[in-house]
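You will see two complexes here that share subunit A, one where it goes with subunit B and one where it goes with subunit C.
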Partner chain A sequence: MQYPLRKAFHGLLLVLGVTFISFVLMVWFGPDQTYTLLGKNATAEQIAEVRHELGYDQPFLRRYLDYVADLFTLRLGASNASGEQVSRILARTAPVSLALMLPGFVLGNLMGIALGLAAARRRGQWTDRLISGLSVTGMSISFLVIIIALQVLLSTPYGLNLFPVRGWQVTDLPSYLWHVTVPTLSLVLVTLGYNTRFYRAVFVEEASRDHIRTARAFGASPAVLMWKHVLKNSLVPIITRVMFSIPLVVISGSLLIESYFGIPGVGKVAFDAITSGDQPVLKAVVGLTAVAFVLIQIATDLLYRLVDPRVA
Partner chain B sequence: MEPEGRIWRRLREDRAGLAGLAVVSLFLMLALAVWLGLIGQDWSIAAGGRWEPPSPQHWFGTNILGQDIFQRAVYSVRTAFEVGLVVAVLSTLLGALLGALAGWYSHGWPDGAILWLMGVLDSIPFYLFVAAVAYALQGQPWAMHVAMIATFWTGTSRLVRAEVMKLKTREFVMAARTIGLPDLLILGRHVLPNTVHILLVQASIAFVAAIKTEVILSFLGLGVQDGVSWGLMLAESTQEVLAGHFNNFLAASLMLFVLLMSFNLLADALQDAFDPTFDPKQAAQ
Partner chain C sequence: MSRVWTNRRFFWQPVALLAVALAVAGCKPEPERNDGPATDRIYRHAMDGAPSSLDPAHASNIYANFLAVNLYDTLYRYKYLARPYRLEPNLAEGLPQVSADGLIYTIRIKPGVYFVDDPAFPEGQGRAVRAADFIYSIKRHFDPATRSQGAWLWQGRIVGLDEWKDNGADYDEEVPGLRALDDRTIQIQLIAPFPQLTHTLAQGYSAVVPREAVVAYGQEFAVRPVGSGPFRLQSFHSSGAVLIRNQGFRREPFSLEAEGFDPALQEELGLEALADRAPPFADRIEVEFIAEDAARWNAFIAGELDFIKVPVSQFDQVLATRDPPTLLPELAQRYRLGASLESGFVHTDFNMDDRRIGYHPDPDQQARNRALRCAIIKAFDWPKRNEVFYYGIGKVFPGIIPPLTAEFDAHGDSSPVRRDLDGARDLLSRNGWHGGNLPVLEYGFPSSVTERQMFEQFRSFMADIGYPAEKIRPLTYATYGDYARAYLNREVMLTTTGWTMDYPDAENTMQLFFGPNASPGTNSANYDNEEFNRLYRASASMQPSPMRTAMYRNMNRMVIDDCVTISGISRTMILLWKRDRAMLPDRSFVGGFFFRFADPGPSGSEAE
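Up next, the complex of A and B:
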C-alpha cells in the first residue's frame, strides 16, 4: 500500500480504539443519566422517554456507532450543568487554552533544544554536568509545587506581587502578557528538565555518528557541526518529541493550569465536568482530544517524509 | 547481559546513585515504621489550633484544621510508597508480559494487536483517561491505580518488545527451540530474565511517575480518597499560601522533592550500570 494510505488506515484503527475506550468507560459503564436529566417524581412514561433518548434501550454496538457518529458530526448534546451546547462551550474555550498554552509549549521546547545542544557540545565538561544536574532537579519537582511557588513568588504580596493571582481578563496584548506570564513560566519550568535531557541524549547520539567525525575531519567548525550536521539530522526525533508531548503537556497541562488559575479554557471545562460528573461535556472532551491526537500522529508521519527522504 | 560483578562495581562507584539509594532506603524505613504503627498515626487528629507555628509538640506547625503537619507529612511517605510500589510493580510486569509476547510473535497478529492497544492508550490524554476511569469506577479508591497501570506499561512494553526481537535470534534461544522446548517456557525461562535490566530501570521510572501523578490527581480530586498524601497536603496548601501560611506547602513539597530526586539519581545510576556501552571514564572527561 502507498505510505499515506497505509498511515491513514492505521489512524482509522486508532480512532476506532480511542472512541471505543472512551465509549466503554464513560457511556457504557458510566453512571445512569436518566435521573440527572429528570426532576423528582417523574412518571414512568417520562422515564421511558428519557431512557429512549439516551439510547439506553439500544444494544451495545448500536450505541457505540451512535456515539462515534455524534462525535464526528459534532452533535455533542448539552451540558448537564449549564444547559449550554457542548460544541458552543468548546468553540468558546478552545482559543483561550491555545493562547494560554502555546507560548510555554514553544519556549519549553526551544530552550530544551538550546540547552541540550550546549550540553552535548561540551559533553562531560562542567557546562554539561551543570545542565544535566539541573535537568534532573527540574524533573524531581512536582508540577503543582512549581505552580504554587511561582504564584506565591510572582503574584502575591509575599513575593514580587507583579501579576494577577488568578483569572483571565484579556482584551489586548498588554493584558494578555500580564495574564499569560506566570502560567507560561510554570509550563516552561515543568517541561524544561525533561526536554533538555531528551534533546541532549539525541544530540549526543547524533554527534557520535561517523558522518560527524568525517565532517570534523574535513575541518567543519564546531558551530557548523552542531547547527548543520547534528541539529538537522536530529529533526526526526525532535518532531516526534514535540508532536507526542502535545497530549501530555498541552492538554493535561491546561487541565491543571486552568483549574488552578481559574482560566476559562477547555482544561477548566474538563475539570468542572470531572468534579460535577457532567457526562456530555466529559465524553466530548475525551473523545475529541483523543481523535485530534490521532490526526496529529498522522500529520507527524507525513512530516517525517518531508525531513527524511529515507522514510517510506 | 553484563556480568553481575561489573554492574555492582559500577553502582558502587556512582556516588550520586549511592546517595540516592541511601535516601530512598531511609524513606522506605519511614514508610515501614508508619506501616507498623510506630510514627505518624495522629495525622487526622486536630490536636492544635489553626496555623500554629512550629513547636516541640508540632514540629512543622499545624494546618488550617489544626492537624499536625509533621504527622501528616510522615504518614504520606507510606501513601507514596504504596502508590509507587503498586503501580511500578504491576505496570512493569504487564509491560514485560505484553512486550515479550509482541516481540516473540513480531509481525504476527498478537504483535499487531498489542501495538494497536499501545497506540490507542498513548493517544488518550492521560489525566482525561484517569478522569474517565474514575468516572466509570464511580469514586473507587483504586481508580487512580488502575488508570496508571493501564497506561504506564506501554513504555516498558515497547522496550521489552525491541529487546525480545533481538534476543529471539540469539544462539541460546535457537538452541532451546531446536531441542523442542515450548515457546512459553523459552520466553519465561530464557528470554524474559535477560530483560531484567530494562525492567529495573523502567520500574524505578514508573515509581517516580506514579508519585508525581498522584500529586496532580489528588489536587484534581481524582487521587487518594482515604488517608493523606503529599498531593492532598499541597491541595490544602493552595488556600493557605494565599493567606501567608507556608508550613504545609514547604513540608509536603520538600519531602516530595527529596524522595523524587533520590529516586531519579538511583534510576540514572542503574541505567548507567546496566548499559554495556556506557564508559564512566569517558563520561567523566
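Up next, the complex of A and C:
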C-alpha cells in the first residue's frame, strides 16, 4: 500500500511542477492573445475588455490555482481562438494522432530492435559498421527533407504517384493504409537511426555480461543467445524507452507530419495553441501530458516487476 | 546454415511486412471523400493559412472571411468578374435607398430566403431570414461577450449603437439607428455620412446570423455555423473545411453581363457555358489549409487541388516570362494562370512618436529628424527589394494609395521610390548627421527567416549612405501577436506591416495615417498632421468623385513629403488552376464570393 501512495505523491509533485513551470512560461513568455483578438482601431477600453475576457487581469497565483483545479476536475474550458470546447478538440484529434503515429512508432521500434540485435551480434564486423553508419546517416538527415523527399517520390507525378500528398479521409482499412503509409515511412526513416543506435548500445552492453558468456559456454546457439538471453534481459531499458514515448505519441503527436500531410491531429492543434497563445488548449495539452507521464511511470514500474523479478 | 536462415528471417521479416503494407496501400482505394451522391461536382481550393473561427464576428482575415461569406449571407457582395470591384446586391433586393443628407439607408431583403436546417431551430427546420436578424447580427459586434473583431467598422457611425453597448448590450433594447421596419426592411441611421457603409455590408463581418443558433451553441457557434449562404458546413478542422451546397439556396440565374464580364480579358475562361445556370455550381467545396509551401505545391502537382496561390519560391518553375507573367508551355496545357495584384500594400512606418526619429519639441531637431527619415527613404532600394523578395513582379508605387484603387495616379511622380544615394548623403550632411551621431534604429519584425533577410537587406541599403551596421538593430518577436502588441504600444521604431484593404476604396488606406487613429489604432506611424486630418474628415463623408480623388492625392503627397513611411509595394500573386475548371479565382479580401461561381466542370465530378 505504501508503494502506490508514494508513487501517487511523487506523481502529484511532478504534475504540479510541470504545470507550474509551463504556466510561468505561458504567462510571462508566451504570446499575448489580446492583440490577435482585437479589431482595428481598438481603444484602451476595448483592450482592457479583451484582457478581462481572457483573464489576463487576474493575479498570477489565482490563475495558476484555477488552472490546477480545472485540470484535476477535467474542466478544460473552451479554446480562445475557436470557442470550441477543449475536451471536444482533444477527443477529435488525439485518436487521429494515435492512428497516425502508431504504425511508425511500432515499426520504428521493432526494426530498431532487430537492427540493434543484428549489429550487436556482429559487433565490429562489416554488418555492425554498415548498420551503425546508416543509422548515423539517418540521424543526420532533417525530418523535413525526408518528408518532402518521400512526398515527391511516392505521391507526385515526379515520382511514383502512388499515395496522396495529404489528407485524412479514413473510412476503412485500405483508405487508412493509403493515407498512413507515407507518414509512417517518414517516421520510421527519421526514428530508425536513433532507435537502432540506442538498442545496439543496450544489446552490446548486455552481450558482454557474464551470464551470456556462461550460456555461450553451455553451447547456446547465437540465435538463442540473442533472442532468449540478450533481448529478454534488455527488456527494462526497452520498456523504459517505449513507455515514455507513448504520451508524446498520443498527445503531442508530430507537428511536422501533421502539417505537411494535412492531418488534423493533436500535434498541430498544440502547435497552433503555442504560437497563438491559446492558453486553454495549451494548458490542457501540457497538463494531460504530465498526467499521462505519471500514469505511464506507474505502469512502467509494474512492468519492470513483471519482466525482472529482482525489481522490488 | 540454420543460424544464417534464422538471422535472415529475423532481419527481413519487418521489411517484408512493410513491403506488403506498401503493396496493399499502393492499390488506391475507391475515393470515399464525400457523403453526397456519386455525381458530386467537387472544387478543391488551397489556402495558405487557416481560420480559427467561422463566426462572422471573427472574420478578420482572408481565410475566415472566405468561409464566412459562403456559409452566411451578406446584404451585398462584389460582382464576380468586374475589375475594379463593383458592389452587387446579395441578400438585399437592390442597392440601398439613401436619404438626401446621406444619413438614412433603407434596404429591402429578398423574400423566401431561409437559414439551413439545424437543431438550433424548432423541429430542426431553418426559418426565413428577417430584417431583425441583420439588426441582431450587427448588435452582436457591440456585445463584449462576442469578442468581435469587426465592431470598428460601425463604431461611432450608427445612431445609438455605441450607447447600446455602454448600457449593457441588452438585445431587447432597441438601437435608434438600427431598425427593422418590417420583416424585410432594414433602416440604418448614421451619425454622419459614411459613403463606405455599403462596402462594410459586403464583408463577412456583416453576415446575417440567427439568434437561436448563437444562443444554442454559445462559444461553439464559432465552429457550428448556421447561415443562409450558398454552402453549409460539413466539417472543419485545423487542416481543412468541407462545404456542401445549400440545397435551399435561392436560385438566381447567372448573367455574365451582370457580373461585369470583360470578353477581351475573360473570354478564354470558358464562363459562357455558365449563363443562365443558378450558382452555386459546385456541390462540394473542399478547402485545404496548407501553410507549408512545399506541401501545397506537391499537392497541386499531384492533382489533389484545383487551385493554389503559387509560393514565391516556385515562381521560377512556373513562369516563362515575368512581364506580363506567362506560364511555361508544359504547364499551360494543364493550367490557367492569373496574375493578381493584391488589394493592399507593404510599408515600413517610422514611429513618429519616437523622439529619436519622429516628432520632437525642438523644431530644429524635428527638422533634422525629418531629414534623417527622408534620407533613409531615399537610400531604400525598391527594385532590389522587389527582385529579392517578390520575384520582381510586385508593383512599387509612391505613398499610400495602392495601384488597385480607383484613386491611384498611374502617371504620378515616381521619384519618391527611386533610389537616390547622393541625395540621401547630401540630406544627412546638410543636417549635421554623421556616423557618430546617427541614432540607433530599432527595426521590429516577427521572428522568421524572410523577415530577418528583409532586415539584413535594409541594413545593407543603409550601409550605402554610411549608416553604421551596429546602429541598425533587430527587434525580434516570437509571434505576430507579440509584434503587434509592441508596435501598438509604440515600442517599435520601424514597423513593417502589410495592409490588406477591407474594401476597394482608398479611404481604407488614408485612415492608416489619420491622427486620431494613432496606436493602438491602425495608424502605427502615429502620424499627426493637422492638414491631413482636416482633409480626411472632410473627405470621409464624400462619395467617390474627382474632388475626393484630388483630396486623397493631396493627402498622399503630405505623407510622402513628411517622410513618414517607406512605401510601398503591392505584391503580385500568381494563381494557378486547372484548365477545365471554368472560373476566375480571386484571392483578395473581398474575393471570397467567387466560390459560388467556381465550376468544377465535368471532370470535377469525381475525386482524382
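Descriptive notes on the structure:
Assume the second predicted complex is superposed on the first by the 261 of 312 C-alpha atoms of A that agree within 3 Å, B and C clash if a C-alpha of one lies under 4 Å from a C-alpha of the other, contacts with A are read in each partner's own complex, and residues count from 1 in each chain.
One rule holds for everything that comes next: a contact is a pair of C-beta atoms (placed from the backbone, for glycine too) under 8 Å apart; a residue touches a chain by one contact, two chains touch by 3 or more.
These figures come from a predicted structure and were not determined experimentally.
When the shared chain is aligned, subunit B comes close enough to touch A:Ala290, but subunit C does not.
Contact with subunit C, but none with subunit B, is seen for A:Lys268 once the two complexes are overlaid on the shared chain. Of the two partner chains placed by the overlay, only subunit C lies in contact with A:Ser175; subunit B stays clear of it. Using the contact criterion defined above for the overlaid structures, shared-chain residue A:Leu306 touches neither subunit B nor subunit C, since it reaches no partner. Contacts of A:Leu255 after superposition: subunit B is touched, whereas subunit C is not reached. After superposition on the shared chain, subunit A has more residues touched by C, the comparison being subunit B against subunit C. In the overlay built on the shared chain, the residue A:Leu65 is in contact with neither subunit B nor subunit C. Residue contacts after overlaying the shared chain place A:Pro31 against subunit B and subunit C alike. After overlaying the two complexes on the shared chain, residue contacts for A:Leu130 are found with neither subunit B nor subunit C. Once chain A of one complex is fitted onto chain A of the other, the partner contacts of A:Gly17 are limited to subunit B, with no touch recorded for subunit C. 29, 31, 148, 151-152, 156, 158, 165, 259-260, 275, 277 are the residues of subunit A that lie in the contact sets of both subunit B and subunit C, per the superposition on chain A. Residues 3, 6-7, 10-11, 13-15, 18, 21-22, 24-29, 31-33, 52-53, 55, 60, 144-145, 147-152, 155, 218-223, 237-240, 288-292, 294-295, 298-299, 301-304, 478-482, 484-485, 488, 511, 517, 520-522 of subunit C are the ones that touch subunit A when the two sit in their complex.
On the side of subunit B, the complex with subunit A involves touching residues 116-117, 119-129, 131-138, 208, 212, 215-216, 219-222, 231, 234-235, 237-238, 241-242, 244, 246, 249, 253, 256-257, 260-261, 264-265, 268, 282-285. Here subunit A touches subunit B in the complex through residues 10, 13-14, 17-18, 21-22, 24-26, 29-31, 124, 136-137, 139-145, 148-149, 151-152, 156, 158, 165, 244, 247-248, 251-252, 255-256, 259-260, 270-271, 274-275, 277, 279, 282, 285-286, 289-290, 293-294, 297, going by the rule given at the top. Residue ranges on subunit A touching subunit C, taken from their complex, read 29, 31-44, 47, 49-50, 53, 78-79, 81-85, 88, 92-93, 107, 110-111, 114-115, 117-118, 121, 148, 151-152, 155-158, 161-169, 171-172, 174-175, 177-178, 180-181, 188, 221-223, 258-264, 268-269, 272, 275-277.
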